[in-house]
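Labels run A, B and C following the written order; every chain starts at residue 1.
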Amino acid sequence: MDLVQISNQKKPTGAGKHYWRSVNELDGTAKLEGWLDQEFPAGPVNDSSRRQVLKLMGASFGLAGLVACRRPEEKIMPLSKGVEDLVPGKPLLYNSVFVHAGAAAGVRVTTHDGRPTKIEGNPDHPYSEGKATGLAQGALLNLYDPDRSKQVSEKGNESSWEKFGAFAKTHFDGVGNGDGLRFLSQRVVSPTLTSVREQALKKWPGAKWVEWEPVNNDNALAGAQLAFGNVVEAHYHLDQADVIVALDSDFLNLDSPTVLPARQFTRKRKVTEPGDAIARLYAVESQFSATGATADHRLRLRAGAIAAFTADLAALVGVGESKTLSGEKERKFLAALAKDLKANEGRSVVVAGPRQPAEVHALAHAINQTLGNCGKTVTFTQALAEPMLDGLKALAADLSGGKVSTLVMLGGNPAHDAPADLDLAGGIGKAQTSIHLAHNANETSALATWHLPEAHYLESWGDARALDGTVSIQQPMILPLYGGRSALEVVAQLAGLPSAKGHDLVRGFWQGQWPAADRERVWRKALHDGVVANTKFAEAKVTAKAPAAGAKAPGTGYDVAFHPSSSLWDGRYANNAWMQETPEPMSKLVWDNAAMVSPATLKALGATQGDVISITVGGKSIEAPVMVQPGHADQAISISLGYGRKNAGRVGDGVGVNAYPIRTTAGLHIAEAQVAKTAKTHKLVTTQEHFRMEDRPIIREATTAQYKEDPKFAEKMSEMPPIDSIYGYHSYEQGYQWGMAIDLNACTGCNACLVACQAENNVPTVGKAQVSRGREMHWIRLDRYYTGTGDEAQSVSQPMTCQQCETAPCESVCPVAATTHSPEGLNDMAYNRCIGTRYCANNCPYKVRRFNFLNWHKEDEEVQSLVHNPNVTVRMRGIMEKCTYCVQRIQEKKIQAKVEGRREIKDGEIVTACQQTCPADAIVFGNIKDPGSRVAKLRHQERNYELLAELNTKPRTTYLAKLRNPNPELA
Amino acid sequence: MADLAIKPPLAELNPPLVEGNHSYSTVTHTVSGIVERKTPKQWFIAISISGAITLMMLGMIGYLFLNGVGVWGNNSPVGWAWDITNFVFWIGIGHAGTLISAILFLFRQKWRTSINRAAEAMTLFAVACALLFPLIHVGRPWRAYWMFPIPNTDLNMWQNFRSPLLWDVFAVSTYGTVSALFWYVGLLPDLATLRDRARTRIRQLVYGVLSLGWRGSARAWRHYEMAYLILAGLSTPLVLSVHTIVSFDFAVSIIPGWHTTIFPPYFVAGAIFSGFAMVVTLMVIFRYAFQLEDLVTIKHLENMNIVMLATGSIVGYAYATELFIAWYSGNMYEKFAFLNRTTGPYWWAYWTMVSCNVISPQFFWFKKLRRNIPFMFVISIFVNIGMWFERFVIIVTSLHRDFLPSSWGYFRPTFVDVCTFIGTLGFFTTLFLLFVRFLPMIAISEVKGVMPAPGASERGQH
Amino acid sequence: METAQITPFAAIAEFDTPGALVQAAEKVRKAGYSKTDALTPFPVHGIDEALGIPRSHLGYIVLCIGMMGTAAALLLQWWTGAVDYPLVIGGKPLFAFEFSIPVTFELTVLFSSFAAVFGMLALNGLPRFYHPLDNARMTRRVSDDRFVLVIDKSDPKFHPVETIGFLRSLNPISTELVED
């Protein structure tokens, strides 16, 4: 029995379908709304990203049933054993694949009654290992974006897929050999789409297919081309390296794919006892990145000066002739670094970031080869694709030359995010017919003749090749909410292939690849595992030739560096409230981007934080608020892309500054700019306003040497007065005693846990205005502190969530006993008992309690409630909430154990949402009374300490002190 | 009253408590006259203004209920701000009334008689204003009754008696109830007077019912005096306990700046301080408005100013002690809390508090100034302001920067905060205006008890 | 007072100072009258002794009820916290005297105050909205500035004519025989 039957049984009638085609038509809703408005009328205090709780609760009851009929009708393979024992309300897990800017990562999707509610990493996928980045998890919310484009439109007028089909038939028969036909897609890593593309191009030999991603790895590919003569993909094995040099590379957070490097790196940083050696990381960068924050040595250098630095480094390790372009300050650093690298030949690696020019990449390869790292800490395979910028340039030329009659744009937002000097927006208008497929009717759709709604990846069939070649099948979890179609399906339709159904295309393609005998088995296994066996590329043997002397001394103006936003990437998540409210890991900035500068530069500009400055590159200029970033390179500005959208939707419109207008083909990543202060100011809002530790022992840190000397340094850092209770203590000996240990030495502050918690626990978003009042709701936050001076600052980050104190100060003060202690040591919150005195929050020394000051769900549309986890209450206004150690997950496993007739829950069986997704495995949860449990072992490490132990709160969450491994010569 | 007999000789040296040539009936007439005379037009003007302000307050509360606590400036970490500041401020005001009626009674301070009625009324109205806030500051006001130990059908749960907030609920509601009883018992004989003087049927009925048929029989007086004595005896520890328990809301917590053992005495002194300031403010106005200069003499006002001087100095001493202990304790969080109070983002609030509460009452060392009515009026206003700021400083500056700098924040009030507080001032004034219009604002029978019996001296009574 | 046949309720005499009243009261008691009372605008000291009125025992009532308040408070906190719905809160015990003190104190005071007020009213038989003495002309001014001495008809020595005569001998402002 398969899902077809299931869904048929459950399908309530057409009503469900009708409901889904247009959300507002369900007449019941109108009544509900009316009633709600009496109950909670809107007031001026509301702002755009609030959600409407009662509406949502009402809706989700109804929807649970309704969405059942949304299950895909093709056969897909649930991970759980067979669908026969499907229990309504019991989640099903499916493996699929999430493609992000050309990098595929396997995901495991949790669906409740056919609603995808949570994204986790697929443990079997090499680029996930069970973990997912904040972006990968947050992308889920786009599925339920109420602003998604809901129908086909022609020249802005309503149309339909049928009408489009008819048009396409006649039109594309008429394009002859396709001289005037151009395809513009995002990076294609789908083997099926690749084959469909080939068929299309065979049909129209004159046609051209161009790919564009505003944030891409062209430089890396070009660098490989320079170094090895052919385009290869470099794969770094950081877990093999003792010395790592990151040249403007934020491999721990920004430079996708980040999960794998983060895992490899942190594996090398974990220690169990003082003796253990840990890798040493050098970071040379302009903006302060998460990687720089983790580094043992960080050199702040203008993005434009890093090429020179690399040349010097290369010379010092014996590549090319020495030019010593770098300044005095860098020399000492260079010498020590070179020495350290030479001392670790074969066990070191130099990684260049995607924003650095090809020359730097080439030099890095050369250095690695000279140090004998190639084949050890860095290996190579064939690349998935060629650099894409030239293609786009050609397209732009053809467009302006009027050579293009039909332009098919598959996804993306080229009119908005293509290099400004190409003026693609203008070009698109020149094409007689332009077709644009997109999730949202965005800036580009406005210019296109036809706009087609695109299916979300959770709605459509597909496949994707990871950077190492591993193929995963993309399974849909839910039928397209708004009848969207995937790029694959559209191209197939245009090319007039026999079937334009994603399932048939993907299945058909792969069946063709496998021996007829066990096709079915391989297919089912591929779906089940989320990876297709033996599809990895073979290692490529390459040798780097001495690089051409390209590096030159940096210019004298300001460097402006463009990097993707850690929240909105290139802008594609602009309408995603989760991501908008996810703080930028270093500055904690939300709902905005800003021109990041060093304190010195701020002074030089005569500006103060929030002043608006104008940044001019080659005549074009933008105005952006300036924000001070300790540790940022002087005479340099970093600004993240993806903000300042005009057509994103109710959440993303007009948030932040659009940096694309000054991003040209010449300076795609780094450009020289003129900067001037304007009279305007702009209010920047952060989730953390104070970044000094005030000499308090909050995040405890030592060097490996100090650690060896005094293993118990962490405990000794807080002065413990003799404390006791007049009552004596409650004993927590019976049964499970839950606890958590967080290894600050592993945490990179990447926010993955924050988004995981948001999705798992239905944490609402509140919007900029409310965050500015300090009302953000995140149950887990990452506290960022700067140490050292403003310029040469170091930075540490600490995940902060409810500490589940055994003598919880919050409990004692609640007049109505709404927060009490469970026998298993959990600090429980009884939402329906809470009356909201906020006394508990006042008395919480860790300030982890979150209060629903207003009804955050007021403006929800029904579709937005589909994302909620049915196992977690959605909290109404006026009550307190906080981390529960994911009590719903604990209970689920306890019930499961009971059902299976087991006595004990195995260690590691229960994983909290934050722990589950942490790429660094920094968070460990378990039974602290079980000496064999991982958490107990960690708590027994000497580095273990309780935060604010002097208050006698007896927290169940403890921290393991951070370690740095500085180079003695630089100390 | 019993105190007629054991009047200390000192009292003879004191200036008379009733000035001018008054007989029993002129006292009766002066006081009752206020209630019986035709309502003056100024009264109507006053109450229409204060009534309008009260309506604004109700509007603000309605708006709050519809939208949630978010309409105020409260945030995380500052979970309590103007709401609890106003609560403590009003409760403090209340204390003077009980102090005058109970403690001064036990100390045989006969000068209290002409001000205790008004002061007690003030207590009641202040407590009414105060009680508003615990009820409306909660996130779900429709569930506020869960703070009382009423068997609860929703969850069958009980209250948490470890919570200082719950102690507060008991303390404040008890305080309100007992003050009301005390006040009413005091009113009985005067209500009887009004009944007997009543000319219209309606007055006869209303005051007749309210006076419960009091006839001033000697056999009744002895129970009455006993009851009054007991109530005074009970109110004295009660009034001390109330602000002690209010201070527990802070002292029992662990927040630096709250967690201090000095709070109970410090709060009680502050309460009496602010209360007397409010009594002076009101008395100066009303003795002028209703020509009561003979009954509320300059002597009364001077005494109250002396109490303000004393309590104000105690409060100042408490501020100094706090700072010293913060430094002496060597506790880094404590140290920072007070450094932040005096020099942090809210320094202006702290120094407003100090100058209003510590410096301004010091002028009362000079007899000239403490008998100067315009001057004392201004000072009393300053003290009211200063005491409001004291509560603001304690609550907000302690909360906005506690243990983890990552969660530090800043509180800004919204217009709803401001209007709600101003509204309570209007509410308080309205209640007081109604009181002076319909009830004797001076305890007639008590005043008669302390004035020399006219032409009775030769009978050797006094 | 339109009643046809006249039944006296009490004989009363009116004085203008507390002193006169007390002196007269002394004489009345010496004359052997026991069912006596006085109406005064404020509690006149010495009148109780003069008329031989015993001390009030309201205090004992208040004490008992106050103790009940104490017991009720402790019972409430112990039963709700430790028996009916025990919850571990802040690792503190289910019941302890330390945290029970404030509520216990408050409830004791509350109960006592109610006892004091309602006890007083009960002992005085209040509220009572009609009383024969109200028929007397002079009692109207008692709440203002008059002091009235009352000899009740239930007194064994009471005689409508003689008692009035005796009262006149105490040189009051006036005397009156109040009708029932």
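One rule holds for everything that comes next: contacts are C-beta pairs under 8 Å (C-beta built on N, C-alpha and C of every residue); 3 or more make two chains touch, one makes a residue touch a chain.
Just so we're clear, the structure is a prediction, and the values are computed from it rather than from any experiment.
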Longest centre-to-centre distance from chain C, chain (CA-based): A
Result of counting contacting C-beta pairs for B-C and A-C, higher pair: B-C
Distance between chain centroids, defined by C-alpha means - chain A, chain B (Å): 58
Rounded Å distance, chain A centre to chain C centre (Cα mean): 81
Centre-to-centre distance between chain C and chain B (centres being mean Cα positions), rounded to whole Å: 30
Junction residues of chain A - those touching two or more other chains: 809, 811-812, 814, 817
Residues of chain C whose C-beta touches two or more other chains: 87, 89-90, 92
Junction residues of chain B, two or more chains touched: 157-160, 162, 166
Complex contact set, residues of chain C against chain B: 17-20, 22-23, 37-48, 51, 53, 55-56, 58-59, 62, 76-77, 80-81, 84-85, 87, 89-90, 92, 99-100, 102-103, 105-107, 109-110, 112-114, 116-117, 119-121, 123-124, 126-131, 133-134, 139-145, 150
Touch list for chain A against partner chain B, complex: 40-41, 43, 45, 688-696, 698, 770, 773-775, 781, 783-785, 798, 800, 809, 811-817, 830, 832-839, 841-843, 845-847, 849-855, 877-880, 948, 951
Residues of chain C touching chain A in the complex: 87-93, 96, 98
In the complex with chain C, residue positions of chain B that touch it: 1-2, 4-5, 23-25, 28, 149, 156-162, 166-167, 170-171, 174, 177-178, 181-182, 184-185, 189, 192-193, 195-197, 208-209, 212-227, 230-231, 234, 237-238, 241, 245, 248, 444-446, 448-449, 453-456, 459-461
Residues of chain A touching chain C in the complex: 725-730, 806-812, 814, 817, 820-823, 954
